[in-house]
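What follows is a set of structures for review.
Next, two complexes with chain A in common: one pairs it with chain B, the other with chain C.
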Partner chain A sequence: MADGTSISANLAAPARAAMAPPSGMRKFMRRRSTIAVLMAMPLILLIAGLVIWPAIYAIWLSMLNKRMTQFVGLGNYAFLLKRNTFQLVIFQSCLFAVTAVILKALLGFIVAHLMHNIPGKNQRIWRGLLLVPWVIPLALSTLSWWWLFDPSYSAFNWILNSLGFQSVPWLGVGWNARFAVIAVNVWFGTPFFMIMYLAALKSVPEQLYEAAAIDGAGPVQKLLHVTLPMMRNIIAITVLFSLIVTFADFDIVRILTAGGPQDMTHLFATYAFSVGIQSGDIPLGASVSLFMLPILAVAAFFVLRGVTRRTQEIAA
Partner chain B sequence: MAQVSIRKVVKAYEGNVQAVKGIDLEIADEEFVVLVGPSGCGKSTTLRMVAGLEEITSGEIWIGGDVVNDVPPRDRDIAMVFQNYALYPHMSVFDNMAFGLKLRKFPKDEIKRRVDEAARILDIQALLERKPKALSGGQRQRVAMGRAIVRNPKVFLFDEPLSNLDAKLRVQMRTEIKKVHQTIPTTTVYVTHDQVEAMTLADRVVVMNHGVIEQVGPPQELYHNPATRFVAGFIGSPAMNFLPVRVLDDGGLKVELANGVKLAVPPQRVDRYGPYKGRQMTLGLRPEHLTEIRDTEKPNVVRIDCMVDVVEPMGMETLVHFFIDGEPVCARIDPVTHSAPNEVLPLAADLNNMHLIDNESGKVV
Partner chain C sequence: MLKTRVSRRKALKLGVAAAALPLVHIRTAGAAGKLSIGFWDHWVPAGNDVMRKQVAAFAEKNKVEVQADFITSVGNKNLLTLAAEAQAKTGHDVQAFPSWEVLNHVNDLEPMDDVMGRLGEKYGAVNRVVEYLAKIKGHWLAVPSSSGTQNKGPCGRISILKDAAGLDVQAMYPARPEHTALADAWTYDAMLKAAEACAKIGKQFGMGLGQTSDSVDAIGSIFAAFGAELVNAKGEITVKSDAVRQVLEYGQRLVKFLPADAVSYDDASNNRALISGQSALIWNPPSAWAVAKRDALQVASDCWTFPPPTGPKGRFVPYLPYFWGMWKFSQNKTAGKELIEFLMQRDNVEARCTVVEGYDLPPFDGMLDFKVWEEVQPPKGTVYNYPLRKHHNSMAHIAALPAPPDVAVQIYNRGTMPTMFAKLQSGQSIPQVVAWAADELEGFTR
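Up next is the complex of A and B:
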């Protein structure tokens, strides 16, 4: 009979509620959506305080004059676009981000494939080793690279010299320095692509490859018709994510070249730092760092829309 | 159109574990052969070796007069239907079916003609533009078969194609597979663990266990004349009853059950079982040969009284479970016959259909 009593006890509560309709406020508090919003409030406040507020503040800052006493609207942006140095920064940032992301994606894809074919336990060791560049604090590893690129005492030039070649001023000449900065970013970012692609590769069902083999596909056709279509979402997301992070890159340029020689390696972040902090024009620095926001936002919108569409198509 | 020969084929994995232990099998052109056996018996491995998805450790596999041991799957001219269909999720049904033909550089109109024809046979014309995600299990199964049919291959391979479907659909698709084979007679190797599928589909059934072939034969032959205790127990549902008996001469050849009941061996079997006099053997008797006492009695039908343990009414028949000296026994009786647990029920054992199994070799004698 214990069961019977507990059932009647449960029935009693809704019955009482039905008899006396609750007031408007109580009804509002009882709604599931209200409770959900209340429970998510700590996180909402955290995000508002740490993300939304600084973002709005940065936008506000970018619309002030240098002494931050006057509202100038989009004046800072118009001023920046007319400056040759800033045009160079736009070009360099795009060159840096696009080249580095393409190279990282390509290398990551190749390494992930090689890794995927290493059997069992050895794979774990290699995976761990290849993740190292991504795990070391970037500022520290960039210092090592700075030393490697040193014109007089570096390992690279020592090797070149012992092979009978001239020393190369790695960080002293514009295009060399640009190459060096991109190379370090690729070295640092490839493991991220590798690990994401490796996970994606592992999630492609083996039977699809078997079916393709029987259908008549060779290795290249399997790659084109099975692997790539199955990995498209991961590729899109990693490329988008990496593009955003690479556009915002600061450490490598700051440590290797500090934007030089002759501003030829400056990116948005380092230029914003140089203008805003070092030269003391905080509003102008803020407008530099906000410059890519609309473009990246639009790119993100289209990429993520494609991802959602394909997910709905593929997910069984 | 092709024969398939499997000759002394062995598959060994690392650590010298043999999944397939040197099997021989000749499959005729247009024949429908079903490999059946419990999990891990080597049936799927055998199929995958025919497909070229597993390497052969030793032995030879011939397809249509050629040794294909070192021929990659794509050059074997075979088509395979997988257990989980293995449809390409990013391609439409049409593209899934056309993929193999596109890779083989068939002209566009020929591809369309073949896909349309296969879609008509399988009744999936309305689904050609859909993605696999938008299909039900049965429809996916049809597409997977369509992908095999359009290729018009030498051999069809099926790897447990119905195990992901619900019971009703499984019966329906079973019939469809048989119909497709009648419409397009192609050499077919079909793997399943379901003996009903094996019995209903096959021209010949191959029963495998522990990497060896136990018996090959038409379904009826396997059912009525099993070669080994394993085949006897595996084919048929509910399974054959096995009872320990002693063969003895007690005014004629008899078998003595563990509870002391002696059953006379039918005269036509006396010569066959005579040499085993004095030996401990196993008596095999199918549940349908253990029935209620009927008015018209055949010769060699003997009465056994049982204490009923469980009664399972199935509608067209009733299964009665009881024990003979601790061994579980199942009988199939007419549903109108009264039977209830813990009551004594007189049963008739039809010894014309008895099997006597040698305990040492496991062979039916």
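Up next is the complex of A and C:
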């Protein structure tokens, strides 16, 4: 049995297998893309389970009648558009998101520039300090703001009274309350813009500024013709991201005003909660919360397409 | 070689145990199966403790393995839990349903006619609000519970009301079953005069015009006292009526004497106004008094709870009941019903009520004679008139009743009535307010 033939046969088998062309399945499994997909599969499943499925379910819910027994298509959306209160909610959501994002972008841009000019170690300290509002859980910090604006014990009013001024009903008058919720959102969100813009500023090559200086460009021209073009992509992405998040804001309004006074601070999310959960009309609540989805999706498409194009231009 | 004292397995076990701390897992022989129940997390911690003991006694006696969770209403977590369980068709077997939630889950609840039949026979009738909220098409879909059930009549400062407004609330509603002439004179006009007098000395009535339940309940009772229905029992919009105009005219006068920021009041603002000594009167259950007893004894000793004023159509007390209901998908319906019935026995209800100093109101007429309301102090008898008593000549009410419940729930939760008063306070005219309300109501009746 243990002759030379049998030994050579045993050794030849794996060698032949190694030499033979791999089967289709094995080839498929060896592809880098297949491995990548397999390795990403847990995350894909997680996103499918926690994001895609709830989103589809929400869309389905928004097309049912109040008792969730009948399909009504886009009936809930058509109904909402006719309601004065919902028109007010659309106006407020747009006012809140657009004003807050512009202010956050503007302040973030200014603070990032100031920060960029602070040398070495001090910059790190200031950067850390300015990130604090963004790091504290929003619900918690909004609660502190609520104490500052509180009807009975407002700290702001205490200061005003100490200086001989009348108390201001911060959350009791519509425009005051709108100002309050926007202010808190700006306070919370500015650090995000600041840190993104600071990172973008640091990536602008110094040579561009030197070349611009040789060409006789002043600070404003450098800002307009060097800094801003180099930051366009990051500005577009941060504004888009922030716009989506701000449109979906819930905590600030819920804690500060609960949508009042007289519905004058309701946003899509808080109104959806009020209609869907508190008043037991889940389909209508789902419609409210999904109302901005197509508009934001289209905006996201165009913004991201612009970013991709500019990136390709730079690469070319 | 170092030997670790805590193994990973042990640490994991500890972690799981720590995570499960808010839950109470009562294990018995379990012969009658498992049961899970979601209670309302009581403001008073002792309220949860006594409930745990009663559940443990039931579990022991009936050999049922019971898991009791205490779900907070802070941030509407209880409402979110109910909505999630109704959608998922899984979760607790028995749940606590705040006032309107039975109606929001009509199709998912197990009928409770048998339990209500036995309890009603033993302890008497329930009030009209309880029937309105839980008896649907002739069937009880939940059992009214005492845990969390409350009245929200006025709680006033004895000395301030006497000195500033000449209102002797202790003589008006003494701590004994006695009807007085002063009680008859306690009308909404009298309240208006008192509000004006107290506002003059900087002790405004802490009545909110916000959209949270305290504001809705108080203003809703004023509407009822004037017979002002926004939507009638048939579902017709009746906001353009003389009664509504009348209550709005009253509101126009009242809001002048309320705090400038009454529109931004939430359910804690009125409590703080009373406890801090800024307000002469609020509409609230005795929770504000209980906190004052802990934090501002001088204020608590000067508080007296009594029924609301009477209007052209009567005296209506804001009443907010909690219910215990069982999902249709419950796996142990027999044990669930037995537990609810056990918890609603007089001795158990009284024990829970006593622990929370009378805050929890029993829903059955036959239980409105507990000693606790006579005994708690300071001052003695301060909450004697907190439960509805026959000599009060008052009626339990929930804002928006008698509108069809699916419309009423929206009127209530969207705070339509206090918002109407808030609009008056901001200077809008009555026709403007009525037009706004008509448009809102049209949306609710879809």
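Keep in mind that, in the parts below, the second predicted complex is superposed on the first by the 271 of 316 C-alpha atoms of A that agree within 3 Å, B and C clash if a C-alpha of one lies under 4 Å from a C-alpha of the other, contacts with A are read in each partner's own complex, and residues count from 1 in each chain.
Keep in mind that, in the parts below, contacts are C-beta pairs under 8 Å (C-beta built on N, C-alpha and C of every residue); 3 or more make two chains touch, one makes a residue touch a chain.
Keep in mind the model is a prediction, meaning the values are calculated, not measured.
K.L.:
Overlaying the two complexes on chain A, which is it for chain B and chain C: clash or fit?
P.N.:
fit
K.L.:
In the superposed arrangement, does A:50 touch chain B (first), chain C (second), both or neither?
P.N.:
neither
K.L.:
State whether A:211 touches chain B only (first), chain C only (second), both chains, or neither.
P.N.:
first
K.L.:
Looking at chain A, does chain C or chain B touch more of its residues?
P.N.:
C
K.L.:
Identify the partner contact of A:129: answer first if only chain B is touched, second if only chain C is, both if each is, neither if none is.
P.N.:
Neither chain B nor chain C is touched by A:129.
K.L.:
With the two structures laid over each other on chain A, which partner does A:313 touch: chain B (first), chain C (second), both, or neither?
P.N.:
First partner only.
K.L.:
So, does A:85 touch the first partner chain B, the second partner chain C, both, or neither?
P.N.:
The second partner, chain C, only.
K.L.:
Shortest C-alpha to C-alpha distance from chain B to chain C once the two structures are superposed, in angstrom?
P.N.:
50
K.L.:
Touching residues of chain B toward chain A in the complex: what are they?
P.N.:
51-53, 72-74, 78-80, 82, 84, 86-91, 99-100, 103-104, 131-133, 147, 151
K.L.:
Spell out the residues on chain A that touch chain C in their complex, using ranges where they run on.
P.N.:
The touching residues are 66-67, 79, 83-85, 150-153, 167, 169-174, 177, 257-263, 273-274, 276-282.
K.L.:
Quick check: in the complex, which residue numbers of chain A touch chain B?
P.N.:
Interface residues on the chain A side: 205, 207-208, 210-218, 221, 225-226, 229-230, 232, 310, 312-316.
K.L.:
Show which residues of chain C lie in contact with chain A when the two form their complex.
P.N.:
76, 79-80, 83, 87, 100-101, 103-105, 107, 209-212, 259-266, 269, 272-273, 276, 278, 406, 409-410, 413-415, 419, 422-423, 426, 436, 439-440, 443, 446
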